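Okay, so subunit A shows up in both of these, paired with subunit B first and subunit C after.
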Partner chain A sequence: MNNKLNDRIYPEQFLLLAFISIMTFKVVMLAQYLVSEAGNEAYIAMTVMISIEIMMCALVYGIISYGSLPRLDLPKGIRYVLALLLFVTSMAKCALLASEGVSYVSTTIYDNVRWSYVCLALMLVCCYLAYKGGKVIARTAQILFWLMALSFAFHVVFAKTDLQFVNLLPLEFSADIAVACDKYLVWFGDYSCLLFLSVSKSPNAKGKRLAVWTALAIIGTFVCAVGLMVIFVCVFGDSGAIVGNAFLNVSSLNKIAFMIGSMDLPTVCSWVVMCTIRLSLLLYAGKECLKIFFGEKWWLSAVCALTAYLLIVYGIGNLKTGYSIATSALRYFVYFTDFIAVIALYIFVHVKYKKANKPKALPSPQNPALKQISPPSQGEE
Partner chain B sequence: MKKKPFVNKKWIVILVIIALLVTFDLLDDQKSISTRAIVLAMSLDKGQNERYDLGIQLLKTDKNNNQEYLTFYQEGDSVSDILETMNYNVGATVSLAHTMVIVVSQDILLEDKDEALRYLLENQVVTYNTMLVTSGDKPEELLSAKLSNGIGSGYYLGQVLRTVAADFGVVPVSIKDYFMLRYRIGGCIYMPYVTLEKQGENSYLGLTKMYATNGQKGLILDEDATKGLSLVATSLSNGSLTYRYADITGEADIVQSFSNISVKNDNAKITVNVSLRDTSNVPDSIDETKCLEDIDATLTGYINKCYEDCKAQNLDIFYLGQYCYAFKNPLANEAEYLDKLTVDIVIDGNLK
Partner chain C sequence: MDFQKTCDDIVSAFGTTCDLRTIDLNIGECKSKFLYIDGYIDTLLFEENILKPLKNLEGTKEVTLSLLNETTMMTTPVEQIDGVEKAVDLIASGEIILVAENSPVMFKYSEKKYTQRAISEPPVSTVLRGPREGFVEDLKTNMFLIRRRLATPKLTFELLDAGRYTRTKIAVCFIDGIAEKRTVDRIKRQIKSIDIDGIVESSYIARFLEENKLSLFSQVGSSEKPDIIVGKMLEGRVAIIVDGSPSVLTLPFLLYENFQMSEDYYIKSYRASMLRFVRLFAFSFSLLLPAVYVALQEHQYQLFPLKFLLSSLGSIYAIPLSATLEMLLIMAIFEILNETSIRMPRYVSMALSVVGAIVLGEAAVSAGLFSISAVIIVAVSTVGIYCVPDEINSSNVLRFVFVGIAGVLGIVGVILAVVALIAYICSVNSYGTSFMSPYAPALLHDWQDGVFKAQIEEFEERPLSLPTQNRTRQRPAHKKVRQDEEDK
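Let's turn to the complex of A and B:
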């Protein structure tokens, strides 16, 4: 099987994966946690951290346009250290964030199903996606994007909210914002898994189209993340500290729910899809880290999935434990590994691949030259 | 030449996943909708020795589509225990996911410190749109009342409250609104106050008043004060007002109204913008200015009645403390801010 192309994605796919990475777990329990710490200033904390994440995603894009992390010409020692750190970070994040998704499915969608069952079903799918590679994850996200877009459009059209803007005031930048940003670092920094993808332009790409999609992705991220936080605070005020699953509760504020009952199926479907893609990306990142140590082996994604499964079911087991671990000192290790890894790599590629020495653009899967070298085998994507 | 595999690996993986998912679905004990009892309305009261009295109203239908509203009651130490016991009493898993209204006693509002209601909200036992009402009668009696139209009283209340959301009068309050208001400075909440009148076999529900409380003191707002509250608390799109000047009496419909509160130093200004449409047959004979003057005086009277009645019980019904905090007014930090604030009511009306 030819895996040489399985990390190649198009820029538009990168934007979509970045959007999903940033958004997915910020709209579940994080809103409740931010309100409990920062009160009416929770949306300011979200704005600050989302802005940092978008900037970091831009740096990630700058790195992976030269190639994914395994392809970069790094010194061996640094490559191993980075791989080890990013593996630990990816697995920790996968376990901590997936526990929110598993909890949501087991208690809200179903009537107290055991975590082991939900986690098994989720990890099997994510393991397979991770095994198939970044290209498959990106294509899956691209196909299912329309489900998310339609869900969003549905809620915009049928929205019925009584927004109490007084809940947002006073507008001030108190220390509570910093405390909230510090305490919930684990929920941010969702960009390091994108380092294991490499971007190559589509042969049909037009410059203006990418600029439009980039602008839409940035605006969409702000509208969805910060907008949801604003609506959450306007609707629930300080009582948001006892309201979980923000995306579900905000999306239930529509005319249909008011008249005949809850209509949250579009939201649930699109969020579960985003959750699966996000976790697949984390498992894929873990697999790529292990590949640096063990080479190309078919069982690598299974090991990552099994590790995540054991951590979620036996290590965490419930939301309270997950919250305690996520807000412990581990959060600094996880966030700053993501942060420093990206900064370090960006400096490295900038120094190593200066303009004059910039290698030729990576061939895209449709490049005829590449087909002559290694045509895809039968049954492959 | 490589031999083609008998079955593509991809399909083997997909089959394994399907097999696992189906197997685990069979193993787990998920109740189908036919084994669930869908609760339409609920009552919550304080029993003896700090216990709770909880009642639920279900709809039972038979093959001939005959409907019967059943009510079940249970006492217990906590809401979760009671619901667990109810499953056995009812013979099905009680589901509160479609509960339209919860009738809450004043004892719960004044003594429980929101323990029971908080359990329902935090654990998402009921949806966030579930309405709350209270009554001078026992919640059990209200829930089991037999209405002349044959509909269960709890279910009927839920239906009515959804239709009067933007009407001039009673202000429907959901459980999410309850907690949003409770967490504001002053902690004052309000909800519809239902009266029960029995005439022979049938009962009639009255929905013209509100009940306000801050968890320590409670107050029943009369009809005028209730109207004043609805003018400030919600945006209206339905209702009518009578005006009188000289020997002319007429009626105007409320097309739209919304309010705005601002606080500057020790003065709070409540501005209500109201658009009215005259319903008289000969509009040319109406003096608009005098009409509006009379309507302004009426509306100001309603709002003033609501504010003064609540202020006497130290209930910050218009959340002036929260507005002080929002506008960084130091009065928000003082316990007696209500006594120090002066309130101006401005009605900005237009009549078509």
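Let's turn to the complex of A and C:
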């Protein structure tokens, strides 16, 4: 496999990966945590953080439109520091989020299963995807998008509509919102792993059409994340603080879920798929960071997966410990990498490339500067 | 050239074979000898057009190419041959070689005739509507079947050969100006690099042309129908015809081609779209149904709707085997029956089917070895697999793998396996294009001939998924004509 091409995706694939990255772990435990801190104003905390995340995603897109992080013309020192920061963040996030996912799977879907087995299976698949590279992850997401879309459509069509909008009030904009935003920072900033992708010109949409798609994707992500939080508050109100795995238990919000079984299969399927892709992206980011230090080695993704597995099974162990770690001072480290470092990198890259008057490359397949055989068809990025 | 030594060398090269024929005659005053393989030539035409005119020649002191061409009546001109080795190869491939005294070279006549299968409908791709011609085992006939549909000088056949012993002729076939030159060159390079003792069927070549040798899925398209091959060539693909095989290969090959049938292009697009959707559904359904059933029964029985759970409990509670083992056993028995019924003569296979149906459907269930629901699921799944005949091999293997995973890890294992499988397929490339194209990466333009098929008149450009030199497929002249007609 030509590694120079492995990170190259189309803008629509970037939008999809950003959507998956942002949404996946917002619908598990975060809803409960936000309500426990901010009460019925949890959806405002979500609105604020999602708005910031979307803006940060735009910055990431701005950076990778010049090339993926390993390909950017950065001073060696900055590259190594960034790689180290991103590696630690990716691994920490992968372990924390995976433990949440594995906990959901092993407690909800199985009667009696050791969660280390589920974790092993999950990490094996994520490792495989990370090994294959960003392009394959993006393509896989594109195929599986239809499953997610079907599941979403199923819930929209058969949704129960008796929402108690009164639960959203009163609006006091209390300080708890800021506390909630601060305390659960680890669940936000889900885009820094996308720095290891690069974007080429889309064969489907250019100019205005692409702008429309981007706008739709942003609105869609915003509406989904905030809308689901609104629904959560409307249904459960303050008692949402004791409702775990928020939207993964959507049977209660669906008219016919019980008719097709006592558990919500479409949601389980699509969420496990999203979770796999999200964790694969994190492992892929970890692998790419290691590549900066050790060069191209086939075992890098295995090392990342093994690290994450050991962290989950022996470091975190259960959901409670995971919660304690995620809400500890570690969150400021993640905050620094996901927010401050990304903004700094954007400014640095923008200024540097503007000065050098380098074209905003979107390294197209025909770009001979990449010294690769130009793919003859659009089927290959 | 020593006449006698040359003749002896050629004869001795064939050893003790009994089908090498030699005819001695005098052409004028020159001693000559014809050498050929018995049964490979048209003896009547050989006698009438070659032997008789040459016997009647008088006063000739030297046999030359022009003399032979003037004297004998042949549609294929006589050619000069140098060297015994080449002469031996040509005789082995069915040509007639003439060795003459006082002549520094040998001469080659082509008068091949051998029995071959008539052109008929291929048993693996029958259609309700559309051409019923199928390729045969003869290369020239197959080339003609394509040429008849593509009456353009741009149609190019480039002849190669492979196989040290078989010297199998391989025609690389493409439309110049449509197929991308780089793809053609790459295919030719690959074929030329084959160094094997023999090529007896086109699938030998297919294995050499595959980019990912260990792939579960076939990465080279194949068809026995000329209309399908021509359709693919018009999209920019390259066809490879192998002498001795009725299956013609095409490259590049995309996964979604498995869900396209020739008939889709001859019927209304809404029906074609529906059929393609059915194939896709049947393929996914048959692949996953046994695994999902095992996963739900072994691990996530709470996912069964209550009524279904109650009714299936009645049939499974007394089964001595675990759901996984039961499913694997039934599938294995189905495989054995399938394999036997294909290999056996038709009358035996019918009897086998009856025995299999009775043993499986009645006796095993009555004896309490298998549950009726498991048998039904394997039956439905097996029928579904045959909706996409080109992927039977991979889907059969995958069914077993999925059932095994489902038995160990349940529904989450199945989902993870599906994700891994999709990731694997997405990573495969076929001659410069993604195997999953036009769905990953999504190429909206090509969706018009994907799961949902648009009307032929909407295919204005060739698929973006495939490399081509010329994108324009259809100019919208017909739209103007229609508009003019409406205006009138």
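Everything that follows uses one rule, which is that the second predicted complex is superposed on the first by the 341 of 381 C-alpha atoms of A that agree within 3 Å, B and C clash if a C-alpha of one lies under 4 Å from a C-alpha of the other, contacts with A are read in each partner's own complex, and residues count from 1 in each chain.
Everything below uses one rule, namely that a contact is a pair of C-beta atoms (placed from the backbone, for glycine too) under 8 Å apart; a residue touches a chain by one contact, two chains touch by 3 or more.
It should be emphasised that the depicted structure is a prediction, and the values quoted were computed from it without experimental measurement.
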Could you say whether A:Asp73 touches subunit B, subunit C, both of them, or neither, answering first, second, both or neither?
neither
Given the superposition on chain A, which partner contacts more residues in subunit A: subunit B or subunit C?
C
On the A-aligned overlay, A:Val136 touches which partner chain: subunit B = first, subunit C = second, or both, or neither?
second
After lining up the shared chain so the two structures overlap, which partner does A:Thr276 touch, if you call subunit B first and subunit C second: first, second, both or neither?
second
After lining up the shared chain so the two structures overlap, which partner does A:Leu169 touch, if you call subunit B first and subunit C second: first, second, both or neither?
first
Touching partner for A:Tyr117 - first (subunit B), second (subunit C), both, neither
both
What is the contact status of A:Ile109 with respect to subunit B (first) and subunit C (second): first, second, both, or neither?
second
Which partner does A:Phe236 reach: the first (subunit B), the second (subunit C), both, or neither?
first
For A:Val125, is the partner it touches subunit B (first), subunit C (second), both, or none of the two (neither)?
both
Residue overlap on subunit A between the subunit B contact set and the subunit C contact set?
110-111, 113, 117, 121, 124-125, 128, 259, 261-262, 378-379
Counting only contacts in the complex, subunit B reaches subunit A at residues 4, 8-10, 13, 16-17, 20-21, 24, 27-28, 30-31, 93, 97-98, 118, 121-122, 124, 127-129, 162, 165, 176, 179-180, 182-184, 234-235, 261, 319, 322-323, 325-328
Spell out the part of subunit A that touches subunit C in their complex, as residue ranges.
1, 9-10, 12-13, 105, 109-111, 113, 117-118, 121-122, 124-125, 128-129, 132, 136-140, 142-144, 203-204, 259-263, 265, 268-269, 272-273, 276-277, 375-381
Applying the document's contact rule, which stretches of subunit C touch subunit A when the two form their complex?
180, 182-183, 254, 299-300, 302-306, 409-413, 415-417, 419-420, 422-424, 426-427, 429, 432-434, 436-445, 464-468
Going by the contact rule at the top, pick out the subunit A residues touching subunit B in the complex.
108, 110-111, 113-114, 117, 120-121, 124-125, 128, 162, 164, 166-167, 169-170, 172, 235-239, 241-245, 249, 252-253, 257-259, 261-262, 378-379
